[in-house]
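My questions all concern the structure below.
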Amino acid sequence: MEAIDIFSYFLLLLLLLSGIKVVTTSNVIHAAIFLVFTLATTAILFILLSAEFVALVLVLVYIGAVIVLFLFGVMITRAPLGPNAELDNDQNKIFATLISISIFGIFTYILLQTFDSTVVIREGTSTKLLGEILLSRFVFPFELVSFVLLGALIGGITLARKDNALMDEDQI
Amino acid sequence: MSFSSELLIKVLVVLATAPVMALGLTLLEVKGSAWMQRRPGPLHVGLRGFIFPLATAAKYFQKETIIPKDVDEPVFKWAPAWVIAAVVGLFTIIPLSPTLVVRDLELGVFFLLAISSISTIGVLTAGWSSANKFSLMGGLRAAGQLIAYELPLILSVVGVVIQAETMSTVGIVEKQIEFGFPFVIAGQGIAFIIFMIAATAEMMRTPFDMPIGESELTMGFMTEYSGIRFLIFYISEYINLFVMCAIASTLFLGGYHIPLLPTEWVNFYGPLVLIGKTFILAFLLIAVRWSFPRFREDQLQTLAWKVLIPVSLLNIMVTAIMKVVF
Amino acid sequence: MISYFQDYVTVGAMIGLGLLLFLVFISLSALLSPKKPTPEKIKTYECGVDPVGGGWSQTYVRYYIFGLLFVIFDVEAVFIFPWALNLENLGYFGLIEMFIFIFILLLGLIYAIRKDVLKWE
Amino acid sequence: MSIQPILIAAAALFSIGIYGILVRRNAVMVLLSIELILNAVNINFVAFNAMLSDVFLNGQIFSIFIITIAAAEVGIGLAIVLMLFRNRETANINEFDLMKW
Amino acid sequence: MKILKESGERKTLNQSDQNEFINSIQSSFKNTSYNFDTLKINVDLSSWIDTHKILKKDFNLSFFNWLSAVDWDNEVKTGDAPKEPVTPSFEILSCLSQTNSNNLVISSTVISKENAEIESLVDVFAGANWHEREAYEMFGINFLNHPNLTKLYLPDDYEGNPLLKSFELISREVKPWPGDVDVEGMPEDSIVVEEKGS
Amino acid sequence: MSQTMDPNNMPILSEASVSVEIETEDMTLNIGPQHPSTHGVLRLVAKVNGEKISSVEPVLGYMHRGYEKLAEVRTYPQVTTLVNRIDWVSGFANEIPFIAGAEKLMEIEVPERAQYIRLILTEMARISSHFVFNGAFPLEIGALTPIFLAMEDRERVLDLLESVTGGRFHPNFNRIGGVKPVAGAGPTTKKDIQDLPAGFYHDTKVAMEKVLKAVDTFEDLIGGNEVFQARTKKVGVLTKEVAEEYGVSGPILRASGVEFDLRKQSDYLPYDKFDFEIPIGENGDCFDRWSVRTSEMRESAKIILQAIEDMPSGPIQAKVPKVIKVPKGQTYVRAENPKGEMGYYIISEGGLGPYRLKIRTASFSNISILPIMLEGALLPDLIAIMGSLDFVLGDVDR
C-alpha cells in the first residue's frame, strides 16, 4: 500500500469524524466550524483524486462564502453563545439513528456488490481543458446556472428584505 | 536536491522572512507615519529606534493573555490561527525569480483567492466568540467588508489572467517580460487601482478600517484579545500587507523583473526588485493610511457594490474584447 | 503527476507553517508570560461599566443580503477563471457566452440596487 | 487505491447528513446537514471521474455545478429561515407549523 | 470651496435698542427690576408657564439660556448667611435671550419650601429638561409634568440635595468657614506701568 | 410577532403575518465612560439595532465636582481658581465672565490695558481650544495625522500663554479690577512692574502667522479631504429652531446659521475696537461646525494681531479694597467662550463669597441635544456628531 493510500484512509476517517461532530455538537458555531473541517478534508481528498480545480472551488465557494453566509444566518437567528440544550429533538434520536444506519447499510451493501476492486486513477487534470469543456460541451447548463443564480439572488433578497413581500402585497 | 530537502529549506526561508518582512513593514509604518506627522518616531529603542518593532513584538510575548470568562474558549483561542495560516499560505506563490519561488502552482492566482478567503472565518469567529458587543459588531463589519471587497479583488485579477492566458504567477511575470511592459501600463491600469483599493480593504487599513475603528468600536473584533493572540492578529496584518503588495507587484508591475535588466541574472536581482517594488507599494498604502479618515460602513459597501464591482466587470469585458478582436 | 502532488505537499507545508507559527508563538508566550486572572480582569469589556443585557442580540439582516450577493458573484468568479484561460480558443463564441452570463448576473445586482437593499437608511 | 472506501465514506457522510436532518431542531443546523449530503454526492462524482479517468471530466464539472447550485440553495434556504424567524421569533423547525394556522 | 457666509456689517452695541426693549418689558410686566445690567421679572407661580410663552412669542426671546434655583434661608451650614433676614423659600430663575442682540431676561418666581413644586417648562422650551433635572437633584424641587425627572449627576442611591444651604460640606467640618482668608495683597494705588512688553 | 400569541387562537392568516419585522430587543451598548472618543468620562447608553441607533441616553456626573456648592464657601478671588478648571481646554476664557460679573457688582472700571491683555489671552485660549478640536475631530473619524500637527501648533500658543501667566492650562491670571503682572515679576504691590514678558509682541506676531498658516493647512488637509467631506456633510444636521430652544450656543449655533456672537453683541471686553468677521454656516451639519471653528481661528488671530498693534499703555489694575467684599446685588454676565456662551449668575449678599453662583456652561446645553441628534443615526455618525459638538466633560459636569 502506498503512502498516499494511507493518507487517504486517514482523510476519510477525519472526514467522517468531523461530519459526525457537525450533527452532534451542541453549539451552532462549532457545528459550522466542523463543517469547515469536513469541507477542508473533502478538498484535500479532491486534490488526491487529481481534481485540483474542484478542490479550490470548494474552498473558495464553500469555505470562503457559504460558511460565512451560515455564520451570518446563525448570528441573525440569535443563536446563544455556548452549548445549546435545545438544539436536538431528543425523542427523534433513536429513530434517526436507525434510519441513517439502515441507509448506510443498504448503500454499503450495494457499493460492495457493484464496485469490486475498481481502482481510482490519479492523473492530472488540466484546468484549461476543464474550462474548454465547460464552455463548449456544457454551455447550456452553464448559461442555465446564471439564471439559477439570478433567481436565487432575487428570491433571497425578496425573502430577507425588511419590508417583506408578504407585507407589501398581500396585506390590504 | 531531493524534493523534501528543498521543501524544508524553502519552509525555513519563509519562516525566517515572513516575520522579518512584517517587522520591516512595521518599521516602515512607524517611521513613515512619524515623517508624515512631523515627529521623530521611535528613536531610543536600540539602533536609533530601528529595532523598535522587534522590541514591541518581544513585549507582547511577555504579556499576559487574558481570556475573558464569557468567551467561547476553543473558538476564541483558535481564531487568530485561521488568519495567520491563510496569510502564510499565500507565500507559496510569490515568485522572487522564475526559480526562486516556493512553488509555482498552475492555479496560482486562483489559489491566492481561495486561500485568502479563509481569513474571513477567523475574523468573524473572533468577533462572535468574544461575547462582547463591540467585538461582535466589529466582526460583522469585518466579514461584510472582507466579502464585499473580495469580489473586486478577484475580478480585477481576471483581466490579468485573460492577458497572460495563465494563472501561474511566474507565467504572468514571464508574459509581462515578453510584452515588454508591465500589465499596469499594458491595459490593466484600472484593474491595478481596483486591486489596490480592494487589497487595502481586505487588510482593513484606513480608510477602510471600520472593523477596527478604535474611536467607535474600541478595537473591533480584537477588543477582547490581548497578549500573544493580539500580536498574531497584528503580525498577520503586516504579513498580509507584504503578501498583497508583493502579489500586486507580481501581477501588475512586472514582478521580479525590471525592463532593460538582463534576464539571465534574474536570480540575483529578482528578489531585490520584487521586495523593492513591494515596499514602494506598501509605502503608498502607508501614506494613504495616515492621510485619510475612515469611511462609514454604508459608504464602504456602496463603493464596493456600486462602483468597484461593476467597473471591474466592465474591465473584464473590455479586456476580453481586446483579446478576441485583436 | 509527481510534480502535481509536490505542488500540494508544498501548499500543505506552507499552511502548516502558518499553524506552526501560531503554535510556536502561543507556547513561547505561555512560557514567558504571567497568568493571573482576576474577576475584574476577565470581565467583558464594556467601557468600564458592567455589561448590560446579554452579550448580544441579532444583527442586521442587511449583512445577510451582502453575504448572499457575495456568494452569487463568487460563483460567477469560479466560472470566469476557466473562461479567461480559454478565451483565445473559444473566440467570439466564448465572448458572447460569458457576456450573457455576466449580464444576467448584473441584472441581479441592478435588482438589488433598485430594491435599495444596499442602502442604509 | 480502490474506490470502495471512498464511496463507503461518502455513503456514511450521506447517512450522517440524514441523521442530522432528522435530529436537529434548529433550521440552520438542518441546512448544515444538507450540506453534508451534497458534499457526499460531490465526493462520489469526483471519485467516479477519477475511476473512469473521463476525458470529458463529466464528474468534475458536475460537482462544480452541484457546488454552484448548493450555494444558491443555501442562499434561499437561509433566507427562508430568516423570514420564518421574523414571523416566529425562533429558528426552531418544530414551531414552523404554518399550515396549522 | 467656501461654504460659509461671513457677516458683512459690524454690529455695534445699540444702547437705544436695549433701552427700548427694557421699557417694553417693564410696561408689560408689573414687577420688574433692572440692576447691574440684568433685567429681572418677578412673576407669580401661577403665571410661570404663561410668562415664558409670552416672552418667547411676543418678545422674540427664543434662546433658552438656563434655569436654576436659589435656596433662601437664614440658617446656613455653608457660606455666609444673608445680611438681612429672608423668608425661607426657593427662588426659581430662568434666563432667556434673543439671538440677534444682547437682550436678556431673567424670570424669577418663588415657591415655598414645604411644597416645592412647580410646572415644568419642558413644553415651552425643550432645553429646560436637563436644567430642571439638575435643579431637582440639587434642591429637591419637583417639576410637574416633567417627562423624565431623574437624577442627572448624582448616583441613584445618593441621598440629600447638595445645593441646599442646610447641606453640609464635609470638608468644611474639618476646616470651618471662612477658613484662612488668604487674600493676596492688592496694590495701594493704581499703578502706571512702563511699556516694556515689546 | 410575539411569542405570547397562542397559535390556536389566531383567526386568519393575514393577521398572523402583520408584523414581519424582527421584533428586536435592541442591543444596549454602553459607549463610555471608558471609551476612546467620548472626550473624557461621558457615558452614552445607546440602544442600537445593528448599526442604527434607536435611542441614546447620556449619563453624566462622572466628573461632577460641585463647583456651584464649592463657590459658596470660597472668597471671590478664590473662585477664579475653581472656574478656570471648568473647561480646561480654554481655562483662561472661563475666568473672564466671572471676574467681569464681580467687577460689575463692585462697580469697578477696569483699566483699558488690562482689558486688552484679557482680550488677547482669551483669543489665544480660543485658538488653542479650536486647535484641540481640529486634532480631535478628525481623529475620531479616523484620521490620525491632524492631531499631531494641531498639537504642535497649539504648543506655540500655549507657550505664549505660559510666558504671560505662568500657567498653560489654568492660568488664574485675572484679578478683580485687572490682571496680574507677568509671571515672575514679583508681588503685585511693587510700583514699577512688568505686565507682559519681553519680546511678547514679536513672539505673538510670529505665532499668529503660524496659526494662520496652520489654518490654511487644516482647510486643505481636513476640509479638502473627500473622505472627510463624505463623513461630515449632511451628517448631524441641526436646525436653528431646535438649537435655540435647547440653548445651544457658540460655533454650533453659528454653524446652524444664527448670527449670534457675544463678542459682537456684548461689551464684556472691548471687541468693538477690532475688525473681525463672524463665520456662519449654512447647513448646520458636522462639516459646517468644523468649518466655523476653523475660520474662527483665523479671525481670532486677526484680532490678536490688531490688539498688539494698538495696545494702550496705562495701569493694569484698578484700585480695589484689600479684602474684597462684593456689595449686595445680582447680575448675570456672559461671554463668548470657545465652546459657546458661558455665564455666571452671581447673587451676592455682601459677604466674602457669593451667596449663590449659577454657572451656565456651554457644553452642558450643547450636549443636551445629543438624544435628538443621534436618534436614527448610524453608529459611525454618532462619533462624528459627538466630535463635532466639541464638548469638554468638565464643562458639562462642572
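To keep things simple, chains are lettered A, B, C, D, E and F as they appear, and every chain counts its residues starting from 1.
The definition used in the following text is that a residue touches a chain if its C-beta (ideal position, glycine included) is under 8 Å from a C-beta of that chain, and two chains touch if they have at least 3 such contacts.
Keep in mind that this is a model prediction, so the values were computed, not measured.
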item	value
Shortest walk length in steps over touching chains, chain E through to chain F	1
More contacts between chains, A-B or A-C	A-C
Taking each chain's C-alpha mean as its centre, the one farthest from chain D	E
Centre distance in Å when chain A and chain F are each reduced to the mean of their C-alpha atoms	60
Geometric centre distance via CA averages, chain F-chain B, whole Å	43
Distance from the mean Cα position of chain D to that of chain B, given in whole angstrom	33
Chain A: positions in contact with at least two other chains	4, 50, 52-53, 57, 60-61, 64-66, 68-69, 72-73, 75-78, 81, 122-123, 127, 130, 134, 145, 149, 152-153, 156-157, 160, 162, 164, 166
Sites on chain D at which at least two other chains make contact	64, 67-68, 71-72, 74-75, 78-79, 82-83, 85-86
Residue numbers on chain B that touch chain F, as the complex places them	33, 36-39, 133-134, 137, 206-207, 209-210, 213-216, 218, 290-299
Touching residues on chain C, where the partner in the complex is chain D	61, 64, 68, 71-72, 74-75, 78
In the complex with chain C, residue positions of chain A that touch it	4, 44, 47, 50, 52-53, 57, 60-61, 64-66, 68-69, 72-73, 75-78, 81, 122-124, 127-128, 130-132, 134-136, 139, 142-143, 145-147, 149-150, 152-154, 156-157, 160-162
Chain E partner contacts - residues on chain F that touch it in the complex	60-61, 64, 66, 68-70, 72-73, 75, 77, 104-105, 111, 113, 175, 177, 182, 187-189, 191-202, 223-224, 241-242, 244-249, 253, 258-260, 262, 264-267, 272, 275, 277-283, 287-288, 291-292, 295, 313-324, 328-334, 341, 343, 345, 347, 349-353, 355-356, 358, 360, 364-365, 368, 397
Chain C-touching residues of chain B, taken from the complex the two chains share	3, 7, 10-11, 14-15, 18-19, 60-70, 80-81, 84-89, 91-92, 102-103, 105-106, 109-111, 113, 115, 130-134, 136-137, 140, 143-144, 147-148, 150-151, 154-155, 158, 161-162, 165-167, 218, 223-224, 227-229, 231-232, 297-298, 301-302, 305-306, 309-310, 313, 316-317, 320-321, 323-324
